[in-house]
Amino acid sequence: MAGPYRIVGIAGSLRAKSFNRALLEHARKSAPATLAIEIHDLAGVPLFDQDVEAKGYPDAVAKLQAAVGAADGVLIATPEYNSGIPGVLKNALDWMSRPPGKSTSAGKPVAVMGTSPGMGGTLRVQVVMRPVLAGMGMAQMVGADVAVPSATTAFDAEGNLVDERARAAVAKSLDAFAAWIGRLKSV
Amino acid sequence: MAGPYRIVGIAGSLRAKSFNRALLEHARKSAPATLAIEIHDLAGVPLFDQDVEAKGYPDAVAKLQAAVGAADGVLIATPEYNSGIPGVLKNALDWMSRPPGKSTSAGKPVAVMGTSPGMGGTLRVQVVMRPVLAGMGMAQMVGADVAVPSATTAFDAEGNLVDERARAAVAKSLDAFAAWIGRLKSV
Amino acid sequence: MAGPYRIVGIAGSLRAKSFNRALLEHARKSAPATLAIEIHDLAGVPLFDQDVEAKGYPDAVAKLQAAVGAADGVLIATPEYNSGIPGVLKNALDWMSRPPGKSTSAGKPVAVMGTSPGMGGTLRVQVVMRPVLAGMGMAQMVGADVAVPSATTAFDAEGNLVDERARAAVAKSLDAFAAWIGRLKSV
Amino acid sequence: MAGPYRIVGIAGSLRAKSFNRALLEHARKSAPATLAIEIHDLAGVPLFDQDVEAKGYPDAVAKLQAAVGAADGVLIATPEYNSGIPGVLKNALDWMSRPPGKSTSAGKPVAVMGTSPGMGGTLRVQVVMRPVLAGMGMAQMVGADVAVPSATTAFDAEGNLVDERARAAVAKSLDAFAAWIGRLKSV
């Protein structure tokens, strides 16, 4: 292997002190040598509109699509809104799936994490993400997803993930993600 | 009954010539005497951000929330993106679900329609909408949803719904929606 | 009101010491005066087969269909298998949805509960149940579903629900279910 | 490559003249040289019961688990019942996922097909299958699933798939499945 796999990290919340952004930041900082995670901010990505698309992809969209295209995998950390995918994240995924048949995301390995203040830790949205990522043609890792409940105590005031069980789950998941990417790339 | 039920119509696409906007427009024009449908445009509703929310709801959001609150029911016509809810629509639903415990959408009757160029006619997104609308506490009509396939031929060049089978399905669905609202309001 | 609403309770597991059967039993024993819950055992309901159906509904199926038809509502307590509905329960729902257009379950109020040893407490299956119950034309209660995590400590050795938070959630949910049935019956 | 990949085919319906069994049979007969499909009948697989499991897997279950273990991939053809997975199929999947952590299905490549008399062709159940197969740890193919609408005309009276578009979709899907298995096996 010539170096670590390059991973684009995407947080499904725009809030500055978002727990999911903090979870992604923890993943970035604690990543194993096999992964180099770079967080891509969704701020500036406009609402999807085919009339806009017809005139050319807005800068923030083109950058997102290019970042995914240059990466070996995509790591998503997302909250759960109304048992589903936040509109902010789904909107980014809608742009990422374009243009049809020629998107940079099709075939790309992807893993999902999430955290929420409640007991479920985003279990529901992780169910809902499955057919969407499949619809985009992405190659989903299974068996090592991370759902961190009780976010208000799992992170400290500075946004560090301090819950040991959650830290272990993230570590295990990142190793599994590197293995998944390796498995798909070995052809 | 003192008059027709007031319905807020929401299209899940921002495109000017959106088939789903045309479907909603057909519903508006062809509505039975029991329903008065007014279409609420999502243009201007920003991406959800709790930091923004903390400073007060943006105008377009406050108007959407108020329109839902003043209505007897919500009618959604939505395309299907990547087997799921368009980010544009989910983003509007996320705002509509706020603030937690005091939203104007909780308990409100809701019906879903959709059309797509393909054979499914948005069947998949209608499955995905169920838990989201339930998570918002909305009272979903069942048994008379509308999924119009082959949108490019179901509508004429001016955006009129010309497919007879689809027109009949919309008519039946609107009658069922009026009955559903009546059933829930009769207490 | 002439008496309590009659509720058919269905557990999604055949295991004798099933936590979900225990949860349903707790609901039965602790039901408010507005509800009379009778548990209907799924043992004996065969696997769905249209060739069998063509010869007439097996006894256990006919009894299930009749019990639902005679009830004012259906209360389901279900575990979560592989993020989805247990085959045992889905099989019973498949029979309950028959014959098409003339089932006893269409239009019937329904509420869902669940418990699991893990942290999610069946949150995922409750998401997955939404479109299925909608597909059956059932009138789902929203906003007061019950998901009890950590089943091994929430129940004592005799199968009594001892977790106070869970007991309160069940009590609130049963009251909400009586109100939901009343709302739909008031026409 | 030492020979064709061995595929276990599973039909989600017990009906003798099931369209999905016919679809699977068409896949078997028309399989490319890279795939050898053997159909495994679900008849005899009992309803899942942990009390039964505790005494040992029933013969039909042990055979199903062994067949999956010996195969290079699993091909499922399923109808859609109430927008969801048939109980018969979900019940088989529940057994296939056992015992926890040591199932023969975890990690196994899987592809899904389906046909229905209606216009959707099982699009909805294919959405619902995603999180279930992921929950089982199976490696789902994406991008080449098959949904055949209008089953009553897509097949002739002898159960042969005669719709050309559907035949082409099956052929493309089987090639993609062989490629997917090869990609995962190449490590």
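By letter and in written order, the chains are A, B, C and D; residue numbering begins at 1 in each of them.
Everything that follows uses one rule, which is that contacts are C-beta pairs under 8 Å (C-beta built on N, C-alpha and C of every residue); 3 or more make two chains touch, one makes a residue touch a chain.
Just so it is clear, the model here is predicted, and its values are computed rather than measured.
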Option in A-B, C-D or A-D whose residue-number contact pairs overlap B-C by over half: A-D
Work out the mean Cα position per chain and let me know which chain is farthest from chain A. C
Centroid from C-alpha atoms only, then distance chain A to chain D, rounded to Å. What do you get? 30
Just give me the whole-number Å value for how far the CA centre of chain B lies from that of chain D. 35
Contacts with 2+ other chains: residues of chain A: 83, 124, 127-128, 131, 134-135
Residues on chain A engaged by chain D in the complex (per definition of touch): 106-107, 126-128, 130-131, 134-135, 137-140, 142-143, 182-184, 186-187
Interfacial residue positions of chain D with respect to chain C in the complex: 13-16, 45, 47-51, 81-94, 97, 124, 128, 131-132, 134-136
Within the complex, which stretch of chain B touches chain D? 83, 119-121, 123-124, 127-128, 147, 149
